[in-house]
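Paired with chain B in one complex and with chain C in the other, chain A is shared by the two complexes that follow.
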Partner chain A sequence: MFFHIVLERNMQLHPRHFGRNLRENLVSKLMKDVEGTCSGRHGFVVAITGIENVGKGLIRDGTGFVTFPVKYQCVVFRPFKGEILEAVVTMVNKMGFFAEAGPVQIFVSNHLIPDDMEFQSGDMPNYTTSDGSVKIQKDSEVRLKIIGTRVDATEIFCIGTIKDDFLGVINDPAAA
Partner chain B sequence: MQMSLVTDSPVHSSSSDDFAAFLDASLDSGSSEETEDSDQLETQRVKRRKVDKMENIEELQDPTSLPPSLEQTAEASMKKDVCTHPGSFGEMCILCGQRLDADSGVTFGYIHKGLRLENDEIVRLRNTDMKNLLRHKKLYLVLDLDHTLLNSTQLIHMSPQEEYLKSQTDSLQDVSKGSLFMLSFMHMMTKLRPFVRAFLKEASELFEMYIYTMGDRAYALEMAKLLDPQREYFSSRVISRDDGTHRHQKGLDVVLGQESAVLILDDTENAWTKHKDNLILMERYHFFASSCHQFGFNCKSLSELKNDESETDGALVTILKVLKRVHGMFFDELEGNLVDRDVRQVLKTIRKEVLKGCKLVFSRVFPTGFQADNHLLWKMAEGLGATCLKELDPSVTHVVSTDAGTEKSRWAVKHKKFLVHPQWIEAANYLWQKQPEENFIVNQTKNP
Partner chain C sequence: MSGEEEENAAELKIGDEFLKAKCLMNCEVALILEHKYEQLQQMSDDAGNHVSQVFEKSQQYVKRFSRYKNPDAVRQVREILSRYQLAEFELCVLGNLCPETVEEAIAMVPSIKTKGRAHDDEAIEKMLNDLSLIKKFE
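On to the complex of A and B.
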């Protein structure tokens, strides 16, 4: 799920960035520091969309660095247990398949793939129904349900399942 | 990342505190690593309790509202209760999603970061995979890299006579045709063993192949790129020392194949102490000077001699024939159920044909006082099907010695028996074929 929220961060800035472009420097450093990172609490920061306010700077003794409290708006992404997600398959093997939805790494174990889909090895490993009508392989797009999530500093891990109604392949690259 | 600053948000907007509280409440406990003040914690606890309550209600309602025909759902929830947690991904159970201990089970990082499997699950996967594989008439093949499929050297260890190689390296753009590569970013040069490309292509028809190296992960992946640029042979089956479960040892525990169906090619026997019966020992490929020195050879290297192993008659050609023979015997000659067949037995049988009918006596090959039948050469010869005797008798066919002047050596000459150097046995062991005795004649030692 995506959220648009306001977060706060203390930004340390080197004195060389002071002057007319202070605000721009602050914003670009913020974007560099924050976009693409994860926090256990908020999930993955997709993009900063605006600056709410920049607080008073505090000069650090000895170094000349200044710390600014910055409030910013951003779009974050975090998956939830029970959420339905669309993802792209990155790897298929005998254990199941891995898929990605942006920064989220999802594993769907073969226990949670419908029983009528069987693993086929080869240079393009896949799970296929016995009649061959549905096939999951690398680059397939799948709709899955999240049954577990864990967010750490840089990555979000999820356990997914496609063993339920309306889940599974939504586009087949081989058929395209 | 490109983006524009917008002040007005089209999406749902809320203050971050509310959001965090909402998130925490909807998450399982223990997922928040940040410290909060007690006030905030209290509100969260309340919210969490509320959520718990709601879930409880749902669960309570479940059995009553559930029509008996909806067995699937009941089964699913039952499964949830008794989940055996067969493995984990990102420290969550791959079956029920519950958070698990970080260090339970065997790690399969080479397949995907964060993946671990419990023993029962490994056994289950091996069983189902084995059936699948046998149906395709394939076995497993685990391949070592260094000295088996290729030879690498650090650039700083290259000798002056090897300098010429630096102008002969092949392009990294299309590695599929080259065999000598400069990997400057790793400060290394790598030479692929002659015939390796044809070897992999043919072997891939008969085996599901793994790379298993004592090198680190970065090196293993780089070598896999050179050997398999199209990723048609190994997929993610590249195991490095970072992925093993024991230091300085290679083990089949991280290989998802039944041990009775795995063959291993490696030049280092000691790496596989637990799986010697699966091992086909490779003659070491030393191309670079540093590699020769590392193993104590003071001769010129192939590179310094501007020479190489034969493309048509080298070690990989020989071993491919052996692999085909093992594969053929496993599927076509053995009787009984496929799943009950054992590739280790097949390997043993084929090995025993090599020196079948030879009766050997050793002369001054073993140190005095050494228990002869414990010696590596004795065991090797027996493994190759020869009979080893301690004393001479008329049935003896070969005397093995490094010295033509010993009593037994002279007996051999006198009775027109073969007198061969111990290397005759080693050569047969590497080549899987009895070698012409005249290539292993024994010289008279000058100082007896």
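On to the complex of A and C.
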């Protein structure tokens, strides 16, 4: 789920950046440092939308660098256990399939795919129902429920299920 | 890892910080990212060089999974859903998934039934009807 939140960060600036463009330099360094990063607490920082406040700079003893506490608004993507969302299938194999929702990758194991769907290997590996009416393959759009999240240094990884009611391939009536 | 033991979006257990935060529907994020992308294009000469992979993937995702494209429609959706006592998170899940029946809505957002806010089936049905009207006239 996407959220619009306020975060705070201490930015260190080298004196060569001082002068008329101090604030601009601070903001562009902030964007470079923070956009695209991920934390377990806030999820992925997708984009910084504004600066709320820049505090007074503090000169660091011994180095001459100055630290500014910056409060900024940003859009983050944070998946939650129990959340239901839509995703695009990126890879299918006999263990299950991988899907992507924005910056997050989700794995759905074959144990959490309805029993009436079977894996078919080939050029375009897929899961299909016995009557062939529903198919999950690369680029299919699916609605899934996140049942677990794992955070490592640079990203969040999720596992999901499509075994509950109203989950599975999204049928677009316009395409039918 | 702290905070993970009880997390469960189905029961709206997503932590105080996110419960109180402003939640965004995919269609709203699409407008924000589009605007930001245009700003970046205007500011620099080498287009496309300044966005992270996270930004690009997110932008592609919200463009693909936005139910409403027109900014006025997006605003109307939020306005209509805000009339019902919903948490921000619940509002956005409904706006993103656009359930068609009351049964589906409850399956997508189980917490609307369990939080003691008296969301009876009639109220939920009216809300879904209002939502689908916007889609028709978008």
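Keep in mind that, in the parts below, the second predicted complex is superposed on the first by the 168 of 176 C-alpha atoms of A that agree within 3 Å, B and C clash if a C-alpha of one lies under 4 Å from a C-alpha of the other, contacts with A are read in each partner's own complex, and residues count from 1 in each chain.
We adopt the following convention: a residue touches a chain if its C-beta (ideal position, glycine included) is under 8 Å from a C-beta of that chain, and two chains touch if they have at least 3 such contacts.
What you see is a predicted model; the values in this text were computed from it and never measured.
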Q | chain B versus chain C as contact partner of A:103, first or second or both or neither | A | second
Q. Which partner does A:83 reach: the first (chain B), the second (chain C), both, or neither?
A. second
**Q.** Which of chain B and chain C A:45 touches, first, second, both or neither
**A.** second
Q: Check whether A:75 is in contact with chain B, with chain C, with both or with neither, and answer first, second, both or neither.
A: both
Q: Kindly classify A:95 by the partners it touches after superposition: chain B alone (first), chain C alone (second), both, or neither?
A: first
Q.
Per the contact definition in the header, classify A:65: touching chain B only (first), chain C only (second), both, or neither.
A. neither
Q.
Looking only at contacts as defined up top, I'd like to know whether chain B or chain C touches more of chain A.
A. B
(Q) On the A-aligned overlay, A:143 touches which partner chain: chain B = first, chain C = second, or both, or neither? (A) second
Q | chain B and chain C contact sites that coincide on chain A, given as residue numbers | A | 2-5, 35-36, 40-41, 47, 49, 75, 78, 80-81, 146, 149, 151
Q. How about chain C: which of its residues touch chain A in the complex?
A. 1, 3-4, 7-11, 13-14, 17-18, 21-26, 28-29, 32-33, 36, 52-55, 57-58, 61-62, 64-65, 89, 92-93, 96-97, 99, 103-104, 107-108
Q. Taking the complex as given, what residues does chain A use to touch chain C?
A. 1-5, 35-38, 40-41, 44-47, 49, 75, 77-78, 80-86, 88, 100-103, 141, 143, 146, 149, 151, 164-166
Q) In the complex of these two chains, what residues of chain A are touching chain B? A) 2-8, 27, 31, 35-36, 39-43, 47-51, 73, 75, 78, 80-81, 91, 93-96, 98, 105, 107, 109, 111-112, 119, 121, 123, 125, 146-152, 155, 157-159
Q.
With touch defined as at the start, can you tell me which chain B residues reach chain A in the complex?
A. 1, 3, 5-7, 9, 11-16, 19-20, 23-24, 26-28, 31-34, 86-87, 89-99, 108, 111-115, 117, 125, 128-129, 132-133, 136, 208, 231-232, 235-236, 256
